[in-house]
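A single structure is presented below for examination.
Per-chain residue numbering starts at 1, and chain names A, B, C, D, E and F are given in the order in which the chains are listed.
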Amino acid sequence: MQNAAPELVPTPHLDTLLDLALAEDLGCGDVTAAALVPRDAVAVMRVEARQRLVLCGAPIVDRLLWRFGPGAPVIKWRAADGATVEAGAPLARLTGRLRTLLALERTLLNLLQRTSGVATHTRAFVDAVEGTAARIVDTRKTLPGWRMLDKYATRVGGAANHRMALDGGILIKDNHLAAAGGVAAAVTAAKRNAPHSLRIEVEVEDMAGLDAALDAGADVVLLDNFTPDQVKHAVARAGGRAIIEASGGIDLSTVRAFAEAGADLIAIGALTHSAPAADIAAEIDG
Amino acid sequence: MQNAAPELVPTPHLDTLLDLALAEDLGCGDVTAAALVPRDAVAVMRVEARQRLVLCGAPIVDRLLWRFGPGAPVIKWRAADGATVEAGAPLARLTGRLRTLLALERTLLNLLQRTSGVATHTRAFVDAVEGTAARIVDTRKTLPGWRMLDKYATRVGGAANHRMALDGGILIKDNHLAAAGGVAAAVTAAKRNAPHSLRIEVEVEDMAGLDAALDAGADVVLLDNFTPDQVKHAVARAGGRAIIEASGGIDLSTVRAFAEAGADLIAIGALTHSAPAADIAAEIDG
Amino acid sequence: MQNAAPELVPTPHLDTLLDLALAEDLGCGDVTAAALVPRDAVAVMRVEARQRLVLCGAPIVDRLLWRFGPGAPVIKWRAADGATVEAGAPLARLTGRLRTLLALERTLLNLLQRTSGVATHTRAFVDAVEGTAARIVDTRKTLPGWRMLDKYATRVGGAANHRMALDGGILIKDNHLAAAGGVAAAVTAAKRNAPHSLRIEVEVEDMAGLDAALDAGADVVLLDNFTPDQVKHAVARAGGRAIIEASGGIDLSTVRAFAEAGADLIAIGALTHSAPAADIAAEIDG
Amino acid sequence: MQNAAPELVPTPHLDTLLDLALAEDLGCGDVTAAALVPRDAVAVMRVEARQRLVLCGAPIVDRLLWRFGPGAPVIKWRAADGATVEAGAPLARLTGRLRTLLALERTLLNLLQRTSGVATHTRAFVDAVEGTAARIVDTRKTLPGWRMLDKYATRVGGAANHRMALDGGILIKDNHLAAAGGVAAAVTAAKRNAPHSLRIEVEVEDMAGLDAALDAGADVVLLDNFTPDQVKHAVARAGGRAIIEASGGIDLSTVRAFAEAGADLIAIGALTHSAPAADIAAEIDG
Amino acid sequence: MQNAAPELVPTPHLDTLLDLALAEDLGCGDVTAAALVPRDAVAVMRVEARQRLVLCGAPIVDRLLWRFGPGAPVIKWRAADGATVEAGAPLARLTGRLRTLLALERTLLNLLQRTSGVATHTRAFVDAVEGTAARIVDTRKTLPGWRMLDKYATRVGGAANHRMALDGGILIKDNHLAAAGGVAAAVTAAKRNAPHSLRIEVEVEDMAGLDAALDAGADVVLLDNFTPDQVKHAVARAGGRAIIEASGGIDLSTVRAFAEAGADLIAIGALTHSAPAADIAAEIDG
Amino acid sequence: MQNAAPELVPTPHLDTLLDLALAEDLGCGDVTAAALVPRDAVAVMRVEARQRLVLCGAPIVDRLLWRFGPGAPVIKWRAADGATVEAGAPLARLTGRLRTLLALERTLLNLLQRTSGVATHTRAFVDAVEGTAARIVDTRKTLPGWRMLDKYATRVGGAANHRMALDGGILIKDNHLAAAGGVAAAVTAAKRNAPHSLRIEVEVEDMAGLDAALDAGADVVLLDNFTPDQVKHAVARAGGRAIIEASGGIDLSTVRAFAEAGADLIAIGALTHSAPAADIAAEIDG
C-alpha cells in the first residue's frame, strides 16, 4: 500500500481553496452570533464521530485555522489521520472565543466530513481486497478544486494514487490511439516524446488490444470493462511483462473478484466521485 | 418553488474555483496528448447523459471555457439547466483542437457530474412532496469552496435556498440561546441587533421550545428531529404565526410524511453532502 | 441599536484589500527611508486623534500588520473601536524598526481616517435621533471593495446594517414591480421564490403604493422621498403591519423629524458615500 | 497642467479591486431579481448626472464590464472623462439583460460617484488658481486600495500627481532629517543613495529650513503650514533654485492666495480624502 | 526528441506570472508616454532578432496581450516557436495605440528574450549530440515562478523534460537512500509506495551504486559526475536493463563525449539556470 | 553607491511570486520523500557557496519559509546579504522535518542562485569602476515577475537602481521625441505634464542630440551607444548642466573606460538579463 505515512504538503493551491471556503460561509460575518453572543465569551468545541469512520483532515483543519489568522481557536486532536474510530469517538477539541467557534464550525465540519468520507469509503475497498496483491487506486474523477485533498484522502484510506494531473502520467486512450495510428505507433511515439520519468500506460478494450500493448512494450495496461474472468486471462497472457490495471464499473461487491483474478491495480472512480459524507458533529460548551 | 428561473451570476469567487480546477488537472500540460496528438488536429466532443438526470451546469461550463481563454473549444448545448433528460441524451457538443478537448474533458465532466448530481438528487425530493405545500430547502452542508455552485444546483433541482452564508439569515441555535439567556431574550436581542432584512429563525427541540419561540415572535421555527406526528402537532400549535421548518435525518422514504404533516419547509442536508455524481460521459470523434 | 458589540470577522476579502493597500503604497520599497535611515534604527510611532472622533479600525490595522508579516511593528491600542475620543487623544502606539514604521504610516492612517470618519459621521446621525425608536441604517452606497469595512464602521458608529449584498435581502423597487406586474404580484412571487430567511421589503413612492404593499403582506416598506409629515401618516396607516423605513435625501438637519414621525428605520447613504475623513495623525520618535 | 490626456492603463491591481467590488455586492447573486424578473427580459439603463460634475470613470466602468465577462451589458458613453456636464446630462447608456443591469447598477454607480466626485472636487481647486502659474497636486492620502483610481481622478480633474508610491519620489521629512543628521547630510545622502530618476524634495517648517534645503541643493522644497505671506517670502528667497510646494490645511477659500504667492505646487490632501461623492443616478427602462 | 510539437497549455499559474510582469512594469502607468504621446496616436511595433536564435514565446506573448485586455495591440507573428532565425529576421508585428505599445514593449521583450534564450541555448546542446541516440533533458533548476515557461522553452529547443515537479517522478538521492536503508530497500519501498504511473530513478555515485540499482530493479539510473569513460562502462554494465542518465557539470564542450559514451539521457542544469538572454529588439514606427 | 543598506520590503507582489515558486515545484507533494522518508525524521540542511560570490537573498528565503507556514524549517544565517564569501563558505543552516527540507531544497536554492548570481555579477562591474565617480545602474531588462527581486539584487551588488517601473522616472526616447515634435518640445511637455517628483531624462544618439537636450533643460542625458571618447566629449560639453548616463553594449572589459570618461551613470542591462546563476548547494544530514 502507498499509505504508510501519507503527507499533505501545504501549497498555495490548498490555501486558495481554504480561503474560498472561509469567504463563502463568513460573508460579512455571522450576524446571529454578533447579535446574541457576548464578544468576550469563550467556549470549547468538541468534534466527534457519529459513525465508524476513518479520520482524515487534521492537517487541513490545522491549515484552515492558520489561514483564519490571529484569533483562531486552538485545536487539540484526539485521533490522527488514518485512524479508524467508532461512533461517539472524540476527534478534536477546540478552545477559543465562542463567536469564532460558531463562525468556523460549519466550514470545519464540511471539510472533515468530505475528506473522512472519502477515506472511509476508500478503506472499505482496501479492506475488501485484503490478503491479495491488488492495490486500490483512485482516478481523476475528483471534485474540481479538490484534487489535492481528494487524493490525500484516498491515500489516507489506504489506496494508491493514480496520476495527479495530466502531466503526471502517460495514459493512452482510444482518441490517442486513433490520432497516433494504433497501439504500436502510439507506444513508440510516447517513448520518444514523453518524459522518461513517466511510465507508459495503454487502455485496451479486449485481448487483441492487450496483445498489441504488450508487444509494443507498454509498462502498464489498463483493462477497460473486463470481467474478472477476462482479467484472469489477461494477467496470464501478460505474464509479468506489464502491470495490469482493471477499471470500469467495479464496486464493493465485485472488487475482490478482480483482485483475486490477479489485477495489480484496481481503479475505482467512486472513491472520490460518490463517497458519502462521513457523519461528524460538533458540540459547543459555552 | 424557488426554481422558476435560477440564475448563476458569475463572480470572482466562481472564477477562482474554476481556475483551481483548471490548474490542478492541467499541471504543466497534458503530456500524453502532446506526445501523440498532432498539434493541428481538430475534433468534436459529444457530452452525453448515461443515466436519467436533471442537467445542471451549462453556465458553469461556459464560464470555464471563458477562463481557459483564446483557443477554448466552441460549445453548443443540446439541453438547458433544469431539464430532465434520459440516459443516452445528448447534452452538449464541443468543437476545437483535439489536444484542447482532451485537456478539458475531465474537468468539464467532473463539474457537470457534481452539479447535475446535486440537481438530480434534489429533484427526487422535490418530486416526492409534489402536491403538498412543502418546499424542500438546502443547508450550509455544502462542499467547501462550492457553496455558490451547490446552492445553484439545488435551485435548478427545484429546491429553495436556505441562507447562503452566516450573514444571510438569523438562525438561533442552542449555543445562542444559552449565551443570550433563553428564547425570549434571544429573539428580542435579535430583533434589536440584527439586520432588519433578515427573518428570525429559532431552532427548537420540543413543543416547549416551539411555544417559547412563538411567544417571542420568531418568524420561523426549525423543528429539530421531530417525527411527522410531532410536526403535525407543531403546525397546529403554530397556527400560522410562524413559518415551520422540519429538519433532521429526513430521507426520500420519509420526506412526504413530513410534507403531509404540514411543514412549510423541509431541510435536507443530503442534497449537497451526499449526492451521488450523475453519470455523464464524453465521446470524442477525432 | 445593532452596535452593542460589533464584530469584524477577518475574511480573505479583507486580506485582499489590505494587500492592495500595502502593494500600492510600498511599490518596490520606500526609497527615501532606504537612502537615509539606518537599517537597524528603531522607533516609536504614536497615533493620535486631531479632532473629536469615534475610533474605528483597530482590528483592521491589526490585520494589516499581520499581513505585513514578520518584522511588523508591535501595536498597543489606547482606545477601543466605538470609543469617542477628544482631539489630542492617543489612539495607539507602535514599536518597531523606523524604516518599517515609515513604510506603513500612510497606509495605516488612511485606513483609520476612512473608517473612523464613517463611524464618526454615523454617530452624529445616531445621536440626532437619540430618545426616539428610530434606527439609523446604512445602504449599499459604499466604496467599491470596501463594503465590509464601510458597514463595519457604520455598526461601530451605532447604526444598523441594511443588507450586505444583493443576496442578503429582498428589496423590491420600481423595475422589479414593472417586471413582476405590480405590487401584489411582486410580493407574492417573492414569497414563493425568494429564500425564506429574508424579509420582503418594497419601495413605494406614495400612499397608494404603501397601501398596496401592506395589502400584499410586505414585511418592510421603504418610503422613498416622503416628507416627515407623509411618514407620520404612513406610520399611522401601517399600524404596525410592517416595518417602516424612510429614505431619500435625509441629512443631519432633518433626520430627527423623520425619527419623530415614527419611522422604524432611517436610511442614510451619506454615512458611507460622503463621510469626511477623520483627522488622525502619527508622530514618530526616532 | 498634467491632465492634457490622462491615461488609465489597466493593471492587475485594478482588476483585483474591481473583482472585490463585484464579489462583495453580488454575493451569491441578486435574489430579488431572480425571484421577480424573467430570465430573458432585456432593458436599457441610462446613467445621468444629478449635479454639475466632471465625469471620471469611463475606462474603469468599461473594465468592470470586461471583468464581468460574457453576458455583460453593452455600454455607450455620452460624455468623456474630463468633460464638465450639467445636472441632468446623460453620461452613458447600457443595454443588456435586465437581471444583469440590476446586478451591476450599484457597483457601477458607486465607482462613478467616487471617481467623478474626486475629479469634480479637484477641478474646483484647479479653477480657483486659474491664471496663476501654480499647479494643484494630490497626495498619498488616498483610499487604501484605490491609489491608482484616486490619482487618475485627480489627473482627470486637472491636477498633477505627486509621487504614486514610496518608490516614486524622494520626500525627506523630519524623521528622515533626524535619522540622517540634518538637512545637508540628508540631501547629500539622498543624492548618493537614491535613484537618479527621482528629484529630491525636502519638507521644511520655517525659513531656516528652507535656507538649509536650498543650500544643500534640494530640487523641491515643501513648505509645511506656511501662510501665503510666508510662501511669498520663501519663493523670493528661493529665487528659482528649487521648485516650491505649499502644503498644509489649504482649502478652496485660501488656495488662490497661495497660488498668487508664487508657489509652484500646492498640495491638497482633501482632493482624495474628503471629496464628496458626485450625484449620479441610473434609470432603467424595462 | 520530445519536441515534435511542444504545447503550451495556458493555466492560471501562467496568468498569474504574466499579471505580475504587467503589474511590476506598469505601476500606475507610463508617465513618459502620458506626458508626451497623444492619446489617439497609433503605431506599428516590429519585433526583430538581433542574433541567430531559436524563437520561443509566441503563445506566451499572445496570452500576455489577452491578459492586458481590451485595447491590447493586435499581433501578427512572422516566425513560429522552434524556428531558427538569423540576426535581423522579423519575428512579429504589433499594431495598436502608441501609448499601449510603449507600455508593453519592455515586458514583451523581456519575456521573449528569456524564453528564446533558453530555447537557443538548449538547441546548441541538442545539435551537439546530433546523430547519437542521446536525449538532452532539463532539470528543476529553473527560475522560481518560471518552471512551466522554462520547461516549455527547453522543449522548443529540442530537449526533453525531466520531471516537472516533485510529484512528477521518483528520483531517489542520497538522503532518500540513507532514510530508506540502502538502494535495495529504497527501490522496493518506492515500488510499493509510489504512484505506479512514475518510473523509479536512482542517483548513484559509482559502479557499486549502479550495480545495486540495477539489481534492485530501478527503471532509470542517474550517474552523478561520471566521466564519459565511466559512463561507457556503466552503459555496458546496464546492458539495457535500465535507462541511463548522465548528469553533473556537463557543458557544450563535453556533451558529445557523454552522448557517444552511450548515455540515453544527458541532464543539463545550465539550459535554464545559465542561459544568456537572446538579443531581440523592437522598433516602433509612430 | 546606493547600497549602504539595501532594504527588501515584503510586498504582496513578492508573496505571489513565492507562492508560484512553491506551487510549481511541490505540485501535490514530493512523492519520493513520501514513499521513502519516515514522517517524523528530522534533519539539518546546510547551504554552502560553491564559488566565490556575493550573497543575496536571505530576506527572500525567510519570507519563503513564512509563506510555507507552520512546519517550515527554522533557518539560521551564517552570512548576510552583501557579504562576499569564498567557495565552501557556509551560508545558512536549516533544521526541520526531513520531508520538508527535501520539499523546499530546490526552490530555496533556485532563489538564492539567481539573486546571488545577479549580485555577484553586479559587484564585478562595481569593482571595475572603483575609484571613479561613476555609478553602475541597472535597467528594466529584468525577468518578468522578478523586477523587485532583480533590482534588490543589483542594490546588494552595489549598483544603483534606475527607475523601478514606467511610473518611476521620465525617460524620453526616440518614439517620444517623434510624437512630441523634437527634444525641446518634449522636455517642455514633460516639465508641464509629468509628476514633479521625477527627473527628466532624454536619450540621445549623438552630440547634436546632447546639445538639444541640454538646451531644453533635461536633468539627465542618456548617451546611447557612445564610445568612451564620445562620452568624454559629451561630459565636457555638458559641463555639469545635466547628469550623464552611458548605455549600450558596455561589458566588463570596457566599463572602466566609460567610467574614466566621466560618465556619472553607466547602465548595464546584463546585470539582470544575463547574470549566470551563482553556484550554491545544500547538504542534508539526515
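As a convention for this text, a contact is a pair of C-beta atoms (placed from the backbone, for glycine too) under 8 Å apart; a residue touches a chain by one contact, two chains touch by 3 or more.
Small disclaimer: the values here were computed from a predicted structure and weren't measured.
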Least step count from subunit B to subunit D, where 1 means the two chains touch: 1
Type of subunit D:subunit E copy interface by residue overlap (half), same or different: different
Chain pair among C-D, B-D or D-F whose interface repeats that of A-E, sharing over half of the contact pairs by residue number: D-F
Subunit E and subunit F, separation of their C-alpha mean positions in angstrom: 23
Distance from subunit E to subunit B - Cα centre to Cα centre, in angstrom: 44
Gap in Å, rounded to a whole number, between the CA centres of subunit D and subunit A: 51
Per-residue overlap in subunit C, given as positions that touch at least 2 other chains: 2, 13, 20, 23, 26-30, 33-35, 38, 103, 147-148, 161, 164-165, 167-171, 192-195, 198
Footprint of subunit D on subunit F - complex, ascending: 1-2, 4, 135, 137, 160-164, 167-171, 192-199, 201, 219-220, 243, 245, 264-265
Residues of subunit C touching subunit F in the complex: 19-20, 22-23, 26-30, 33-35, 38-39, 67-71, 99-100, 103
Interface residues, subunit B side, partner subunit A - complex: 13, 16-18, 20-21, 23-38, 41, 43, 98, 102-103, 106-107, 109-111, 113-114, 140-148, 164-172, 175-176, 178-180, 186, 189-190, 192-195, 198, 273-274, 276-277, 284, 286
Residues on subunit D engaged by subunit E in the complex (per definition of touch): 2, 5-13, 15, 62-63, 66, 147-148, 151-152, 161, 164-165, 168
